[in-house]
Every structure is written in structure tokens, then in C-alpha cells.
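As C-alpha cells, here come the structures.
Here come two complexes built around chain A, the first alongside chain B, the second alongside chain C.
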Partner chain A sequence: MVAPPANRPTVVASALRIFDLSLGQMLWSRRSVFLAILVGGPVLLAAAIRLATILEHLFVHAGNNKQIGGVTLFGMMIWLLYVHVIVPVLGVFYGTALIADEVDDKTITYLFTRPIPRRAVLIGKYLSYLTCTILLVLPSVVAVYFLIVPINGGSVGRSFPLLLADLGMLAAGLIAYGAVFALVGARLKRPLVIGLVFAFGWEPGVLLVPGYLKRATVAYYLQALVPHQMPLDTTTIGILTQMFDRFPSITTSLAWLAAMTVSALWWASRAVEDREYVLEQ
Partner chain B sequence: MTSRTRYFVIASLLALLIGLGTGLVAYYVGFPTRAFFAGDGPDELQFVPPDATLVAFANVREIMTSDVRERARRALLRLPNGQEQFRNETGINIETDIDRVVACLGRLAEGGEGAGRASLVLARGRFDAVRIESLMRDHGASVADHGGVRLITGAESSAHPGGLSLAFIEPGLVGVGSASLVRAAIDLKNGGKSVTTNDDMMKLVRSLDAGNVWAVGRFDALASQAKLPSGLAAELLPITWFAASAHVNGGLRGVLRAETRDEASANNLRDVVRGFLALAKLQAGSRPELQSLMQSLDLGGAGTTVALSFSLPVEMFDRLGAAVGQGILKPR
Partner chain C sequence: MSEERGIITAHHVSKWYGQVIGLNDVTLAVPAGITGLLGPNGAGKSTFMKLVTGQLKPSQGQITVLGERIWQNPALYFRIGFCPEQDAFYERMTGLEWLTALVRLNGVGDRGAAEMAARALELVDLTAAAGKRIGAYSKGMRQRVKLAQALAHDPELLILDEPLAGMDPIARRKAIRLIRDWGRSGKSVVVSSHILHEIESMTSNILLINQGRILAEGNVHQIRDLIDEHPHTVYIKADETRALAREFLGAADVLSLKFEDQAVVIQTSRPDAFYARLTAYAASGEFGAIHEVTSPDDNLQAVFKYLVK
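== the complex of A and B ==
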């Protein structure tokens, strides 16, 4: 057995070095424009709703329009924008790109020829994905909260625990989706297509089907963590979802999300260590 | 890490920390019903006396435009309409003139003004002061000045032994009720101790969910108003405070909460309620219109708190209306 060179950096040190390198690349890439639109959209929407409410109060004294409370509206935005769209989309686009981008750009050779463990590349890039998305998504949620909750007498103070639960839930979603799609990116060809099919085909589809298949999704466990009631949806799909929406407990969900994350990252690390990436000429 | 990246990370963390810090302060200190506005709970609480035994709030505008109200009105067409009486006496149309209402019960009046509890309703909305005053004068009301505010006091009646008083405390805010409480509300306009300094009451107000209708108060205030049978009141006496909160729109969902003196009383009360629920569910078996109501009831709470939550879909009101129409349920 050959002992590793004494000066070879550890996995943690290497991962931190890769993290340092990748964070800037990830933040200031072309993909950042897409990310900004994705997380800025809800803030703009919330500002527009708030403005409309203020104008309505100023100019419309009595009307027959139905009003919903700020907390309910915030809950709807969390469900419909963040849980159903933003978190899976970020997971797919960034998670699958962690390794696949380096392969496509033919720059993975430069990383793999450094004297660092290969899995440190994946872990470092995963950490930079987490930092990047969490630092963008969570402030966006906080901004939406302060814009939307005060509408129609909602209390910023009383609903604060809901905000904390939402932030925790979204962070858990980004962690789990990122790990799952990092695995897809590390192991499979055409990871983006497969990721999109998984996030927007498999997951919503399986959640409609009674039985145990839904346990093979991240969404099933993530939706159990959402502190808001699911918005009432009277479409056929909505009714089906609500008929079968028996979600697990918070502890069970957190345990499963943690298990998924750890096993996906471990498997992805193995794939990066073992796989021979053939760069197309 | 480049300086651009470092600045981004710092800015993002700062935004997050400022947001969380503000929320945390709001949660503990109890500021803002609306961010950066003064007061905890609705602003009108500053006109409620500190010794109020019951405080209630309703977002009238939200309720009046809700689908629940529309269906309930259709369902219960034959019930007597208290709105008309109030409109005749004060000239205020509840449906169109009022945005939100805070009501309170004061201490027991000791003779003189009235035998019952003094009560006050503070309504925020759009009012035609001249028309309302003229209408009340037509009904025999007298006008006096109190603290620079015109205090209009109606003739004595069985419902209002001291006469129903009304005053426009500030633009868009009218106080209606017992003369002593309306005067107290006018006095509080210039500051002083209001119910917002009553820690017991405000703790309950803060603990409520953001429903568009809620009430909190001492249980003895509720029992005396509800005229509960003496035996039942004695059974329920361990209750010290109660709180009820509901959201009316897209159905009706809410929670009733009772605080008992000790955990043993809470356990006993839970057993009693559980028994009633079982009996009611048994009875509802033959009445499909009541089954969804019964199924939505959920008994909970821990320690000295007993909570009963419920959720009614809007369709429930249609079914109730149909049941009333067929004479299965009779309005009292």
C-alpha cells in the first residue's frame, strides 16, 4: 500500500479551495442572469401586489373584490413560486452543471490533474452552489415576506415563525435537490434533460398517484415541511393532489431528506472518483 | 475569492440578517401589525380601556366581500337582520361604511348608567358625520362636548339603559357604545394607559393567528354575556382566559382556545369536550349536512391550554341553507 504524499491537501482543504474558486465563477456567469430573474421575479411581483393594495386603499373605498390576508398570500407564493418552481429549477440547472459544465467546457482535466482528491471537486462545487443559491433565494423570500404579509392587516411579528420555517424548508430543498441533481450530473449523460424530466415530470406525476411511489421524490418530503396550507386548487390535478396529500411528519421528512442528500453526494463522489470522463473532440 | 464576490456575499448576508432581525424584534417586542406602523394588534386598541375584560376584532370589509358571507346570507335569509336596527339608530351601513371593527366589554357598571356590562365598538371606515348626528337627533339624542369631540348620546332604552353614545374620535374612526367607554376612548386619544398595557390581554392577542376575526378575554366576561346555565358555568369555571380566531373567506377555519388554571383542569376539560364531540359525531351520522363540520373538529392543546380547531368548506353553508330550507334545521 502506497502512503499518500505528506504534503497532499486533505479533502476538506481541497473542497474549500474549489469552493473559493467556483463561487465567483458561479455568481458571475451567464447563468446568473437567469438566477437573478428567477429570484427577483417574486420580489417584483410582491412589490406590484403591495403597490396595487396601497392604491386600492387610497382610491377604492368599497368594492366587491375578494380580499385575502397577507399571510395567506405569502403562503401561496411560497407554494406556487418557490416550492413548485424556483427550488427545483435551481437544483436542476446548477446541480446538474456542477461536473457536466466542466466536461462540456473540457476544463475538467485541469481540475483532475491537480494534486487533490477528485471528490473534493464535487464537494467544493456543491458547497459553492449551496452558498450561491441560499444567499440569493433566502433574502428574496425575506423581501417578499415584508412586502406581502402586512397586506390586509397581517402581522409581521406574529407570522415570524412561519418565515423561519419557510427559510429552513427552502434551504433543505436546495440542499436535497442540489445533491440529487449533482448525482445526475456526475453519472449520466444529458443530465439537464433527465433533471428536468425528473423535477417537472416524474415528481408532480408521482405525487398524484396513490401508493408508495411518491416516496421516491424529494417534493414529497419537502412539501411536508411547508408550514402553510396548500392553496385550494379546484382543477382535476389539484383535487387529485389534495386527495392523496398525506404527508409524513416533519422529523421523518427531515430524516429522509438528509439520507437522500448524504447518499446522493456519496454516490456522486464515487462516480467522480471512478468514472473516466471522455472529452469529445 | 474576488472582492466583487466578497461584497456580494456580505451584502446578501446583511440583507438576510436585517430581515431576520426585524422579524425577530417584531415577534418579541410585538411591534407592527403592519411593518413600520405603531402599535400591536389593530391600531384601535389604543382607545380601549386597560381594564377591558373582552376584546374582539373583525375585518368587516374582508368578511363582507367573502364567499362565506354571501353563502351564509343566502342560507339564513329568514334570520332577523340586526344590521337594519343598527342602521336605523345610527345611520351607519355596516356593509359599505365600515372597514374594520374593534369591540370591547368593560367592567360591570355599578348601577346608574346600566345594569349590564359597559361595551364599546370602535369602527374604522367612511362615515357621514352630519347625517349620522342628524339621524340620532331625530331619534331624541342629545349632543355634548367631551375633550373637544362631539359626544352624541341617544335616548335611554332597555337595550341601552344609559343611552347609546357615539363620537367621531378621529377622522374615519367612530366609537359607539356605553357613554362611559366612549368618553374613556376620547380621553385615550391624547395618550394614557390603554389595553395595550394589559400584558395578560396582549399576550393572548399576540398569540392569535392572523385571522380576520378574533376575540380574547376573561372567561367570566363571556359566561355572563352568554348567560350560561349555572351548572354548566360552574363546570367550566377553571377556565381563566379564552381566545378565538377565525379566517372567513374560502371557507371558515379557526380555533377556539381556553386557558385553564392548572393542567388537571385542562385534562378534565379535554375529556368533557371529547365526550361532547363523540356524542355530536354520533348525532351527525344521520345528518349528512353536519358531517363535514364534525369531521373537521380537532381537539388539541398542551399544558393548561385546550384548543379546538375547525374548518368548514364554503359548500357547507349551501348544505346548511338547504337544510334550513327543508325545515331540517330551524332558525331560532
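== the complex of A and C ==
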């Protein structure tokens, strides 16, 4: 028998080996192909807008007929497409499937019968999720930035810090949503449905309700990290949102997002450690 | 049933899946060496295997493996190798990549893991296919690579759930020899099957399981006689299925023969003689490659029905 190593692999070392094993699987999965198409949507939209402005066939106007600059348009796209749709969708589809995919494929047995703590499997796969989604989202954002910001005289160089802030904010969103949906996937049955309801029902719904309930959302803290000034929204929902538009400071938001992430991952790890996975024969 | 010191001990172990009983008040001690777990599909073999590999927690009772509790005790997996029943893999990885990645999870460095993986692939005769994607492996190759991942880290206890299912006759013979050698080298093996003939070729120490209960344990020769009274069905997929069937048609022990798609299903009254002949045909290459040999458990079901009367 091969003697166990004098220093048994730590959770971190084991998680990194699981990360190595699962990153390739995750990157080239059907899910990634589908979500890459989704993430490519804003790039196509940005290219279309840019082409339209170049051909001077389209003028983009806000409600007060004032021409919108490229930076503002970029901010709107980040806000409406990435923060509200793409990041939660990626979080839901990958996060809830971290362990579920291995269970459905019946490959979980190979990981759970190795001398590593089960929580290392979850953490390793969570790291794979982060790498995979960051590799999907960030290039898309950068492409949109270079296509949109120069519209109507925007400066790519001057606005570059904004891009970095956006990338950081989206990474924070992926980190927090991934952990929350990993917890949903580890703890609950039908995690995808529950995840979608949480992301597109609970989160936007609660943000409209005055009071403290919105603090139980990721979006509330993520909003505080958005570096852009949004154009004035005169719709009813827009007015309602702006009435209760009191966001915490960046430091507070980051602290809460970190706390959410750590506690969600800890709770998810506990669930994976304790749960029996009965594979259908 | 006795409960003495053994490599695996179960003390009044039961496992329920909701209202369904998977294992019912089992008390036993599996001795060192090779032990066969024999029972029809749905008898509780896989539940037992999952309990002794710590994938499931007993609803009641206690299980120890190599003297330690197994549930939530990952350090014990340094000493255990498990080959599961399910045909599940990372299809895009090559055999060598997959094995290396799994051995690395045992805390072995990259180079050491690659060497151990290559050695394990050699043991199961897959060196030539080491760089091929698992998705392109035949059923028999998939079984062998699964066996390789269980023994790559040289564990002192191998737990094999239906390891020979789907292997061609030559691979089957080699796998049986490998398992026997593993036992002879002072290590232990627990191997499950629904085919007595397979188990018998590896060990005479058998645990009989049915409907979640251990019916008998030890050297069960009488079961052999009972089995022989019931026809044994074998499903064979080969390049030259019809020629192979013609060859078997003249044998006295062949009771019936029918074709299913590309395969032939044969009933024999003497499985030993039948398998010996099949292995000889496979080795001769006279009928092309024999891709798959499986046996439904109808014959064993009949024996168990008789036993529990």
C-alpha cells in the first residue's frame, strides 16, 4: 500500500486539485456553450449600436431628448444586461449545479471515495465556477466597452477606471451569487427553479419594497458598487426605485457581500458533508 | 450471522430509502482475503457497497472498515479502492489524465500520480489506450479503466461492485486473475456480482444477499449445485455472432439460443464449460472480436426464490 502522505492534503490543497480536475469539464460543457451565447448577446448588441451610429442611421436619445454619451450607454448596458440578467443567470445555472452535475453524471462517487474532505469538492468546484464565469463575462464586458464608449465622443482612456470598477463589481457579483446558489444547490430540492425564482422574483421584487428586506438580496449591495450615474428614469417603477434609493457605502457593501459569500459557502459545505447522495441505478 | 473481527464489520445495520428497505438488520464480519457478495439485482449489494465505502450512512447500526468507522472519515480512503457499478466517467478526458487526476486527490505529486496511473493502466492492459479519450472506449475498456482507478493507489482493501459486467472473455479472465493475485499478495477484496460463476472463479468465500438480508456466508458449495439446476443465460455481442452461435449450437450443454440485434442470447446448463469454451473462441480470434458478455440474473433469482421458501 502507498503510505498516506505525512502531511495529509489540506482542504485548500485538495480543493485546488478538484479545481484542476473540474475546470476543463466545466469550460467545455454544453452549459458553457449555451451561456457563452448569452454572454455574446450584449457584444452583438453593442456592435449593432456602434454600426448604427457610424452609419448615422440611429440616434440614441434619452427621455428628455438629450443625446446619451457612450459612457452612459455603457453604464446602462452594465446595469441592465450584466448586473440584472447575465450575472444572476450565470450564478443560478452554474452555482446550483456544482454538485448536482456530478450527481446527475454519477461521477461524484470517484470524488467522494478519495481521502479528501467533501467540502474540498464543493470549494474546488466553486473555484472552477468563478474562473469559468469570469472567463465568460469579463471579455464580453471589455468588448462592449470598446464598442460603446467611443460613441458620441466618449474617451476609452479617460473612462478606463470605470471599466475596472465595473469588472470588479461584476466579479463581486459572480462571487456572491455563486456562493448563494451553491448553497441553494447543496441544500434544496429543485435548486434551479428555486434559484431562478430567487434571482428574478425575490431580488428585483424586494428592492422595490421599502424597509430592511432588501438587505437580504445580493443586488442591493451590488448596486452600491455600480460606478455609473444612471439617466433619470421617469417610469413608475423607476420613480419608486429612486424613492428608496439609499445604498450602503462601498466598504459596507463589500463587507456584506463577503459575509454572504463566506456564510453561504460554509453552510453549503456543511450540507455536502452531511448529505447522502443516492445515485439512481 | 456472526460478528467477529474482520476487515469489514456490520453490527445490526439497516438502511432505508424512505419506505423502502435497502438493507435489513445485517450483522457480519468480512474476513481478510477475497470475499464475494452474491445476490440478484435489487438484493441490496449496491447498498451494502455504498455503506462500506462511506457514501451512505446506516439508518441504524454501525459499520467499521479496517477497524475504523467509514462515514465522514476521508482519511480511510488512503487504504481503500472502490470500483463503482455505474458506467460514469469524465468522457472528454483520456484514461491516463483521469487516473492521474484521481491519484492526485490522494495527495500524490504530479509525477508520482502519472507513474501510478500508468502502472495501473498497464495492470488492466490499457497502456495502448492510455492517451485515448474515455468517451471512445468500448464497454470492456471502460470497465477496466474503472478497475484501474480503484487500484492505482495500491490500497489494502479493494471494493468492487460488479467489476466484470460487460467485459469480453479475455479481459474478464485477466481481471479475475488480477483480483486473485491481489488477494494472494495479502490484501483484501470484496467483490459483488449476480453471477456465481464469476465469484467462484475468484473465491470460495461468499456472502449471499437477498431482499436486504444476508442469507448465508462462508464456503457455500450447496448453492453451486442449486445454480447448476437452473439454466444460465449469457448475452454475447461479437463480430461474427452467427458463426459463434452455430459453433455453440452443437454443444450438449446449450439449452436454447436466440438472436437479439447484433447479439446472441444462449442458455446453458453448464456455465463453467460454456465460459471456458467462449474464452477459447475469443483467444483463437476465429469469430472476430467478442465485444460484450453479460448475464441477466434470471437464473439466480430462481435459486434465491427457492432458498427463501
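Everything that follows uses one rule, which is that the second predicted complex is superposed on the first by the 255 of 281 C-alpha atoms of A that agree within 3 Å, B and C clash if a C-alpha of one lies under 4 Å from a C-alpha of the other, contacts with A are read in each partner's own complex, and residues count from 1 in each chain.
Methods note: a residue touches a chain if its C-beta (ideal position, glycine included) is under 8 Å from a C-beta of that chain, and two chains touch if they have at least 3 such contacts.
Predicted model only: the values in this text are computed from it and were never measured.
Chemist: Mind checking chain B and chain C on superposed chain A, clash or fit?
Modeler: Aligned through their shared chain, the two binders fit side by side on chain A.
Chemist: For A:P9, decide between first (touching chain B), second (touching chain C), both and neither.
Modeler: In the superposed model, A:P9 contacts chain C only, not chain B.
Chemist: Look at A:S159 in the shared chain and tell me whether it touches chain B only, chain C only, both, or neither; answer first, second, both or neither.
Modeler: In the superposition, A:S159 contacts chain B only.
Chemist: Report for A:F146: first if it touches chain B alone, second if chain C alone, otherwise both or neither.
Modeler: In the superposed model, A:F146 contacts chain B only, not chain C.
Chemist: State whether A:Y110 touches chain B only (first), chain C only (second), both chains, or neither.
Modeler: Only chain C is touched by A:Y110; chain B is not.
Chemist: Report for A:L135: first if it touches chain B alone, second if chain C alone, otherwise both or neither.
Modeler: first
Chemist: Would you sort A:W266 into first (chain B), second (chain C), both or neither based on which partner it touches?
Modeler: The answer is neither, since A:W266 touches no partner chain.
Chemist: Mind checking the angle chain B, chain A, chain C on Cα centres after superposing, to the nearest 10 degrees?
Modeler: Placing chain A at the corner, the angle measures out to 160 degrees.
Chemist: Identify the partner contact of A:W28: answer first if only chain B is touched, second if only chain C is, both if each is, neither if none is.
Modeler: A:W28 contacts both chain B and chain C.
Chemist: With both complexes overlaid on chain A, does A:D20 touch chain B (first), chain C (second), both or neither?
Modeler: In the superposition, A:D20 touches chain B and chain C alike.
Chemist: Once the two complexes are aligned on their shared chain, state how close chain B comes to chain C by Cα atoms, in whole Å.
Modeler: Between chain B and chain C, the minimum C-alpha distance equals 8 Å.
Chemist: Across the two complexes, what residues of chain A are contacted by chain B and by chain C?
Modeler: The overlap between the chain B and chain C interfaces on chain A comprises residues 20, 24, 28.
Chemist: Enumerate the contact residues on chain C facing chain A in the complex.
Modeler: 17, 46, 53-57, 72, 74-80, 82, 84-86, 88-90, 92-93, 101-102, 104-108, 116, 149, 153-156, 187
Chemist: Which part of chain B faces chain A closely enough to touch in the complex?
Modeler: The touching residues are 1-2, 4-5, 8-9, 12-13, 15-16, 19-20, 22-24, 26-35, 37, 40, 42, 59, 61-62, 65-67, 96, 100, 126, 206-210, 212, 247, 249-251.
Chemist: Please give the residue numbers of chain A that touch chain C in the complex, ascending.
Modeler: Result: residues 1-2, 4-5, 7-9, 13-14, 17-18, 20-21, 24-25, 28, 105-107, 109-118, 273, 276-279, 281 of chain A touch chain C.
Chemist: Write out the stretch or stretches of chain A touching chain B in their complex.
Modeler: Residues of chain A touching chain B: 20, 23-24, 27-28, 61-72, 131, 135-136, 138-139, 142-143, 145-146, 149-150, 152-161, 163-164, 232.
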